[in-house]
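In what comes next, subunit A is part of two complexes: it sits with subunit B in the first one and with subunit C in the second one.
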Partner chain A sequence: MKRVYVNEEWCLGCHLCEYNCAFANSGMKDMALALKDKKIFPRIHVEGDDRITFAVSCRHCTDPLCVKSCIAGAISVLDGVVCIDQTKCVGCLTCVLVCPYGALAPGESGVMQKCELCMGNACGAPACVTGCPNNAIVYEERNDAT
Partner chain B sequence: MGVSFIYPEFEVVRNATRCIACRVCERQCANEVHAFSEERGAMVSDEAKCVNCQRCVSLCPTRALKIVKSDCRLRENANWQDDTIKEIYKQADSGGVLLSSMGNPKPLPVYWHKILINASQVTNPPIDPLREPMETRVFLGKKPTVIRRDENGRLDCQLPPQIELAMPVMFSAMSYGSISYNAHASLARAATELGILYNTGEGGLHEDFYQYGSHTIVQVASGRFGVHEGYLNAGAAIEIKMGQGAKPGIGGHLPGEKIVEDVSRTRMIPQGTDAISPAPHHDIYSIEDLRQLVFSLKEATNYQKPVIVKVAAVHNIAAIASGIARSGADIIAIDGFRGGTGAAPTRIRDNVGIPIELALAAVDQRLRDEGIRGNVSLIAGGSIRSAADVVKAIALGADACYVATAALLALGCHLCRTCQSGKCNWGIATQRPDLVKRLNPDLGSQRLVNLMTAWRHEIMEIMGGMGINSIEALKGNRLMLRGVGLNEKELQILGISHAGE
Partner chain C sequence: MSRYVIVGNGTAAVGCIEGIRRVNTDAEITVVSEENHSVYSRPLISYYLEGKTDLERMKYRGDDFYEKNGCRVIYGVRATALDPSAKTVTLENGETLSYDALCSATGSRPFVPPFEGLDTVKQTFSFMTLDDVLALESALTDTARVLIVGAGLIGLKCAEGIRDRVGSITVCDLADRVLSSILDTDCAALVQSHLEENGIRFMLQDSAARFDGNTAYMKSGQTVEFDILVLAVGVRANIELVKDAGGETGRGILINNRMETSLPHVFAAGDCTEGYDASAGMRRVLAILPNAYMQGHTAGVNMAGGDAVFDNAIPMNSIGFFGLHTMTAGSGDGEMTEERSEGIVKRFFTKDGLLKGFMLIGQTDRAGIYTSLIREKIPLDTIDLELTKQAASNLIFSQDTRKKKFGGVV
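Let's turn to the complex of A and B:
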């Protein structure tokens, strides 16, 4: 299965992925309208310090701890993509506690949200990857999934 | 100095309805033009620092930015133009020699624009390169002038060493130090994939790039940086740099801050020391001296590598080339006055040297007249900007062309001409690790391969139009060229007829 991988060697820390993610999931057609004067809640986060930066989003684990731990049964795996049903989420934050990558976070409404590889929005392919200026995030098939 | 006489050259225009204050421009600008103002709740800019490299414009996700030339002008004066006056102000401020980068931007004649290419009609059919074979491969090196046989009458097939190129274009010399590790990696990988050569420039060869040696020209310049036996033997050819089109007659100076650890090791000089290339090679004051160096290098490489001598196009270029052709060199590279540089004194760059078109035509003709054209191959460089320029250069007598500015443009260069600052936002002319990483060689090499592949298609298309199916049949074929708007003298030097003739 194709997943999003990070090449930290090439990450510039420009944070474009965060904005592209927020826009992709806004459901709007105009980026300026969607994001202007708003706090954004992206599903990918650039982490790092002065020396190194890298973008972290859901790894779509083959045996996801978040799915096992979700008390509301809101998280499930659909064709390998770890998805969240936001109508079922009770906001207990157990998933935040168990996820080793810090890939889940509350959205604007406080309900949990996570990367679903842009399968649920109009992009069709991860917007963070498409918009990365330096190939620091790639969407490809590898055989090292956890 | 209390008052700055110079108003900023550019304005940063930000469309407030589009700007989402994502601060990408701020993070990407090494010149620190952009900043987020907490008080205003909006992005602000200090246009005085802007060099118009367009990095922010390219990365702005909402296209909220553009950089325009400021229309704040001094009073119009045809004699004292804005740039002239501002240069006076700068020198009155600094007391220094003005520095510039990349090629001569002045509105001097570009002869390529005044040369047109022929095509076949009716009596000699054009060739469709998509349907018929078309040869763009060239070999550079000495060509035998006589056929030799042994005592049994068998042909002696032993040729002097040759360079094989899949197309008549190579990436010209840019040193590691003046450009980044990733820029070199991109050039090396692209040259290897394309079956052409790139050139190390005078800064030695980084240990990581020895693997691309068969597609590398190793350069020996007056500073002799990074030159050792292994280096000379690593490449496919050796180039002696006598001069550079952007700065004929002067040497080079790479400031100490660019001599970081890797550059220092590659150049074999201490970290942080200025790398100064003298104007002359201190052991070359005549053609005979040049011959000694040519043969020293051949000796060091067991006569396996062709030796290129690179000179800037200057007034007596034909006589100089004639001398070089007799020095034992295999190839002459001529660099026209529009050639680029990582830093040169502005006055030198803008006023010294001659156009490559005239130099190339004069050299090819002189070598033919003297019957020594086969002694050497000719490489033309100094602002070859397109496949059409390549075709015209070949028809004027070049065996191949050198391109560097076009290659840098493919890597992201926007010709802001401030390489000397070392703060290249595109990760090319810099050694700052955070900037160098902006050029991912995976992307860079692919863009170079794309560019050259496109040029190769265009070269074949133009050749096909002329009814020529091999680049060898185009070489020095000046009947395929006509001049427009050129005077008799120019036509005579170029060796072409006027359009309509």
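Let's turn to the complex of A and C:
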């Protein structure tokens, strides 16, 4: 299946992916209205220092620890995409404690949110990748069994 | 056609069902469920009282789960006897089931010490099951004085759950600190003062010596007047089914890293087991939900003839009280280093060049990166742990490692 992959040597550290993610999942039509002067809660985040930067989002693991560990049974795999049922989440952060990639962070309300590859919103393909100016994240098929 | 029997219907059982179906889609699966409910998320019972979830959303799996997985569930019935040579298990309703492989996913039960006068207390509750919680809920009134015996995870979660629905809450414990099984003295003190700020009163190094009606006479000589008593002293693994059939047990059912017990064709998973703690290098009961699922899944795959090993279990807890999050993992063994700032404590324990454990209070972002260092036994000389102590980051790994993590299928 297609996943988001990182080319860290291309990353500019511009954080555009974070904004595009927050906008894509805001359900709003106007980016300025959705994000301006607001603290954003994107499902992708840029890590790094002054030399290296890279964007981290859910790996959609083939054997996802978050799914096995969620105390509410709120995370599941749908056609390879690791999805969350936010109505079931109680914000315990067990999934944050187990995700080896540090890919999860709660949203504003404390309920967990995660990258679902923009399958659940209007974009249909990851908005972070579409908006990346330097191909530092790509959305493609790489070798795997599934 | 193969026949599999699972005794218990909690998270370990679900892991087992999903593990079996990973390997074998047409075997017969029978689940024996003492509780008269389809599987629910046990840790959510306190969130239910708090109003953060409800009975519908507490369902651990969807309504079609058993049907979709071709399981027959026998509700409201206990399995009472196991005959490993005949490969049968007898239920309390007299029914006998034969199996090709069986999994004990029987969990644990509250341990109630023999308190003098306990029988004079009108309203006593445990805090383990959905039925416990529904019973407790019906007793709650906004003036009720609640005494909780036990300042462990279960007692404190109960306190948080009912705080806005009762008059007052006192928690007592013989230990000198809260959450004594997972926190050291300093970290426990932080959590305790946060709980106190939120209206919970503590009596530590003290417990009830005897009860008389609505009065608890404490070991210290003090008395506590209460209307509702919650006993959360501890739990005991349900080992009897396997033990009485001659299986090896300690504080839990002894299992290897394939979840096999000492009895042929009998597996065990979850809170009823004593598995191996990879961080401490010793056998231990790891009564946490992720462990129950992973053990159950491993057992299921192996029951169905697959080949699964689960050899990196570690204790790990993420628990929040009134907005303050605490995370712990691994063991508090080895050399300790600490990062501290306003409202935040991070303690790391290292030994033999490996991260062995941590305690985090107040700042828990991306903590799974630390957990992975423990579980995967990443040599600390290959990473830059110093860099990550203030904020967990994938920057600690080499560029090559990052390439594998973020440029490949994992």
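Everything that follows uses one rule, which is that the second predicted complex is superposed on the first by the 143 of 146 C-alpha atoms of A that agree within 3 Å, B and C clash if a C-alpha of one lies under 4 Å from a C-alpha of the other, contacts with A are read in each partner's own complex, and residues count from 1 in each chain.
What we mean here is this: a residue touches a chain if its C-beta (ideal position, glycine included) is under 8 Å from a C-beta of that chain, and two chains touch if they have at least 3 such contacts.
Predicted model, so just to flag it, every value in this text is computed and none were measured.
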Field: Fit-or-clash call for subunit B and subunit C when the two complexes are aligned on subunit A
entry: fit
- request: Specify the partner with more touching residues on subunit A, choosing between subunit B and subunit C.
  value: C
Message: If we overlay the two complexes on their shared chain A, which of subunit B and subunit C does A:13 touch? Say first, second, both or neither.
response: first
Query: Where does A:119 make contact in the superposed view: on subunit B (first), on subunit C (second), on both, or on neither?
result: neither
Query: When the two structures are overlaid on chain A, which partner does A:77 contact: first (subunit B), second (subunit C), both, or neither?
result: neither
Task: Could you look at A:31 and tell me whether it touches subunit B, subunit C, both or neither (first, second, both, neither)?
output: first
- prompt: Minimum Cα separation, subunit B versus subunit C, post-superposition (Å)?
  reply: 16
Query: Which residues form the common part of the subunit A surface touched by subunit B and by subunit C?
result: none
- line: subunit A residues touching subunit C in their complex are 3, 5-8, 47-49, 52, 54, 56, 59, 61-62, 65, 68-69, 71-73, 87-88, 90-102, 104-105, 142-144
- request: Could you pull out which subunit A residues touch subunit B in their complex?
  value: 9-10, 12-16, 19-20, 23, 31-32, 35-37, 131, 133-136
Field: In the complex with subunit A, residue positions of subunit B that touch it
entry: 17-24, 27-28, 58-59, 61-62, 64, 434, 437-438, 440, 442-443
Query: Can you name the residues of subunit C that touch subunit A in the complex?
result: 14-15, 41, 43-44, 47, 52-53, 57-61, 289-290, 293-294, 297, 316-320, 325, 327, 329, 364-369, 371-372, 375-376, 392-395, 399, 402-403, 405-410
